[in-house]
Every structure is written in C-alpha cells, then in structure tokens.
Amino acid sequence: MSIRIFVTGGTFDKEYNELTGSLAFEDTHLPEMLRLGRCRVDVSVRTLMMIDSLEMTDADRALIVEQCRQAPESRILITHGTDTMVETAAALAAALAPESRQTIVLTGAMIPYAFGSSDGLFNLGSALSFVQALAPGVYIAMNGRCFEWNRVRKNRETGVFEAI
Amino acid sequence: MSIRIFVTGGTFDKEYNELTGSLAFEDTHLPEMLRLGRCRVDVSVRTLMMIDSLEMTDADRALIVEQCRQAPESRILITHGTDTMVETAAALAAALAPESRQTIVLTGAMIPYAFGSSDGLFNLGSALSFVQALAPGVYIAMNGRCFEWNRVRKNRETGVFEAI
Amino acid sequence: MSIRIFVTGGTFDKEYNELTGSLAFEDTHLPEMLRLGRCRVDVSVRTLMMIDSLEMTDADRALIVEQCRQAPESRILITHGTDTMVETAAALAAALAPESRQTIVLTGAMIPYAFGSSDGLFNLGSALSFVQALAPGVYIAMNGRCFEWNRVRKNRETGVFEAI
Amino acid sequence: MSIRIFVTGGTFDKEYNELTGSLAFEDTHLPEMLRLGRCRVDVSVRTLMMIDSLEMTDADRALIVEQCRQAPESRILITHGTDTMVETAAALAAALAPESRQTIVLTGAMIPYAFGSSDGLFNLGSALSFVQALAPGVYIAMNGRCFEWNRVRKNRETGVFEAI
C-alpha cells in the first residue's frame, strides 16, 4: 500500500528562529518524524506549502484539492494547521467526486515537533494508521480520534477537536 | 468507544537506573504518553506485568489471554516487548472463541520511551488508531503497519516486523 | 557556598502557548533545570520579572540592581534575555560599589529550554560554575565562555557573544 | 584559550542498542553536545577509549595519564564513568609533576546523554567552565560543584558526589 503525504505547514512544522526569537517555517520535519517512528509504510512526501493555516487562502485550498485529485494514490495524508483544518476538509469533500475511491486524512499538532513536548509524533502515527484502515472519505485525525469531515469542530478554548 | 490498554512491559517502559547503570522497569509511561499525545479517546490502562518479553512464561501468556477474555471492552491494546510479541498474539488468537467480537492490537517499541529518540509515541498513536478502525481479530501494529497475527514475524537482524 | 539566582525571563523561559500558537512566559524552568542537572549547589531562586529583554525598561534594570545590592549572597546568577544582557551587565557594574565583594554572572539561551534543542542547560551549568570560581565583578557567560561585562557584545547576525 | 577534551566513555556516552536491547558504546556524543550548547570555546576532542569505568584497568589509567602529560594544552577536560572517576583523578594527581601548570577537570553523567533526561549537558557546561577558571590541579566537576581530587567521593547509594 502506497500513501501520499502532502505537507502544508501548520504548528507541526514550526521552528524557533534563534536570531529573531520568533516562530517560523523552514523545512518540514516529516521525513525525520517518519524515521524516528521507524515507519515502514511506503510513503512519498511532498510539500505543497509551508504556512500557518490561519493564512491559508481559497487559492491555497484549491491547490490542495487539485493535488489530491491528481494523486495516483488512493490513500492521502495531509499535515495542516489546526485552526482551519476543518475548512480544508470541507473543501476536499465538496470537490471530490462521490465515486472517489480516495481516503484522505488531515492531521496536525498543537505543539511544534521541534519542542520536546509535541503531540506531533503521536498524531502522525495515528493519522497514518487511520488512512490505511478507513473506507474512502475525508477525515480529521486528532487527539487519537478520527472524525468524518462534517462531524467535527475545533474547540478554540480547549484546543481539542470535538464531535458535532 | 472505550478502549482497554493492558501493559505488560517491554522496551516501551524500560528505564535507566542511574544507581546501577542498567535498564530496569519502574512504572509504565503509558499515562504520560497519552497525555503528551493529548489523547481524547476513552481508555482505561491496567498493568498486568512489567517484564522483558524474552522472560515471558506460558503462565504470563495465560494471564494475558484470561484478562482479555474477561474484559468488557471489545477493543483492546496490549503493550508488549517485541521479541515474543508474535507468540503472545498467537496465544490470544488460539484462545479466543471464533465468534469473539474483540479487536486486539499488540504494539511495542524498539527504543525505550524514556529515550528522546523513541518510536514509542508513534507506535502508540498507530496502535490506538488501528484498534478503533479494524474488524475483530488479533493484530500486531509496528512501524506504522498493521499485520494479522499469523502473517508477521520480527526480523531479528533489522529489528523490523515483516509480512510473511 | 550559597548562590542567589535571579530570574528575569528571556528566551530561557519562553513557552509555546498552544491555544494562541505564540511564544509566551509562564513560570520559570530554573528549578526543573537544576533538578535535571542534579545540581547540588546551595541555590535560592527568585523570579524578579518574566519578560523579553527587548522590553526591559530602565526601571526594570534599577530593580535588578537593587535586588543584587540587597542580596546577602556574594555570588549571584541572573538569567536574562540575550538581546540586552550587555546593557544590564553595564548597569550593574556602574551601580555596584568598587569595593563590592559580589561576583555576578548573567546568562541566557538562544533556544527556549522547552525546546528539545536548547542550549539552556549547558549555559546554566556553565554560568553556575563561573559564578563559583571567579573573582568579584560582573560577567556574561554564554557559549561556554565568560566575558567581563565591558569586553563583550552580542553579534546579532550570528547570535554569538564575542569579545571586544 | 585552547582546551583539550579526552573522552574515555562512561554513562555520558552509553547508547541503547535496539537490536540487543542493551546499553553499549558507539561514538562519543561530545561533538553533538558542544554543538547543542553552541559552545564557542576552542576545544579539540580526542577519544582515548570507550569503556564503562568499572572496567577501567591500571593500563587504561596509565594511558590517560600519559596523554595528559603529552598534551600541549594547559587545560584538559576528561569525560569519565562516575564509578571510578575518583581513582583516575588520584592517578593523575600522583603522576603529574608538582610544578605542572595543567588544570585537569574530570566530569561524567548519571544518565546517558541519549536519554532526554540526562544531566550530561549541564555537567559538560559546568566542567568546561571550571577548567577555564581554576588554578592548576586535578578536579572533579559533578552536580554543579567542583572538588579537588582528594576531597571527594561518590556516594554509591545516592549517586551524588560529596566532599570528604
């Protein structure tokens, strides 16, 4: 089974820039995280963008949708900022043909991977597993749970993804 | 969905004892790992034993089987040393009634969680997801993959779990 | 030997706030860092402020100077943001009487301690050692080196403290 | 100021071998630790041996003494297992000429650097600072403190180095 991973940025990949003292994006940590997890799933990683999801535009979402459509893989994992993950999931669900045989799982992190206390590795292991096991559809995998795209929201006060 | 987690020890939970300079077991790291992963799945953790799986006896395996049989939960995750994980999976498969509605996933780690470079958090996220998504049966989740109990072996030269 | 540690904030103690996605101050990590280093030096830690050193005012510096003056300890360690550490060192040197028997060492970090890749623990071990070994005076300990307060500057392009 | 670092192994450099499940030595972590600490002191690192200090023989100690004697640097840091660090310090003190102008500091760790919770980085920062600041002699730097070679013992019950 071959899985496509699209990287879009988000907290997952935020770095601490020691010269400016602020958070910024450099390269994705996905390959390093897969190595740390000793992942033996056949994956190919492609970075589509490297942005905070609060800054994601409609054009960015259109690009993500288009890349999924064109991907030969039937199983796709997208790393994404948590703030607008649900919007992107909705855009994907709206655009994919009803007969699509693709399983798409979006995931992210509340704490950057570069921090020792990140939830990123847990979420990556979780999302990679759900994307292998679930039927076609668009899902969000966070906090060890997996939600259909239209049955979830992020509670901004607690940072937790909840069923609706 | 409620998930039972049985802890049996294994590399996952090995500690460095600074007075003796050797590896040993103290308490399980599972609760801390679930907290780090911000896990919101309803789980209950119970430690059955805290041993290296090379030292696991038939009596130990019988205890694990019996605990699974008696568990009211239909989804069970077992943390286990990697060296004899396949044997315990076989014991579970042999003992569970064919009509069992339980999904049981065994997982472990190649590097102790207490080491910064552990694969444990990735494997825990993976196993917790497979156990939610898969049909009844006994499985091994390692390296981001999930195998039916009788279709896997650990390659002792590479440390990787492979399909057979 | 008893050592006073004054905490003023700086990169050392920056946290990632997972709800806002930005860096902020909560409590100091000093006690945790001393525990991790198994430090057996007799120290007492007091937080004077918790700020980015770019935001440190003259009033803040006056407070730091006054606290050092009143401290009964002859050896004082100050954790401080790196951007204006040299200014605070100069304020201390100007205010302390020439016959002062105090050894004061300022230190900081380029990467927050909460990040796995922090230089904070190294710098803390270094500063705590220099403050015990050096003659009275005001010093800056960074990058494993120790500079007299008026013979150092931070190179903002490289983030390195250099002799002048 | 140029500092020579001699590596002899010890807990500092113990690794977890994931195939055997035991602790072993591979390469030293010193260069990586110096990088993490953003160390800008002029050091040259040389590995003399890579052993547990409980296995250190008289011949090993003679080699360490000889290497210190021949080193052109007047400041030498030795990383060493904690169990026999005091014996090696005594061997160095006995062998060095009374008029030696060398400052030699031995240090180590209670927890391997490869573990997230290591005291190694703190001790390295501490020892590197003491070796720069102290007068000629042989010292042991542990737990943030520095002891003359003949005024210290390791308390094996607590793992702490104490003044005698």
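Here are some notes:
When the chains are written out, they are named A, B, C and D in that same order, and each has its own residue count from 1.
The rule we apply is simple: a contact is a pair of C-beta atoms (placed from the backbone, for glycine too) under 8 Å apart; a residue touches a chain by one contact, two chains touch by 3 or more.
The structure displayed is predicted, hence computed values, not measured ones.
Both chain A and chain B are touched by no common chain. Superposition angle, chain A onto chain D, using Cα atoms only: 180 degrees, a multiple of 5 between 0 and 180.
Of all the chains, the one whose CA centre sits at the greatest distance from that of chain A is D.
Centre-to-centre, using mean CA coordinates, chain B is 45 Å away from chain C.
Separating the centre of chain B from that of chain D, both taken as means of CA atoms, is a distance of 39 Å. Among the residues of chain A, those touching two or more other chains are numbered 110, 116-117, 159. Two chains count as a pair here when they touch; such pairs are A-B, A-C, B-D, C-D.
Chain contact summary for the complex, chain D toward chain B: residues 11, 14, 16, 18-19, 21-23, 52, 83, 110-112, 114-117, 156-157, 159. Chain B makes touch with chain A in their complex at residues 33-34, 36-41, 110, 116-119, 121-130, 132-134, 141, 143-146, 159-161.
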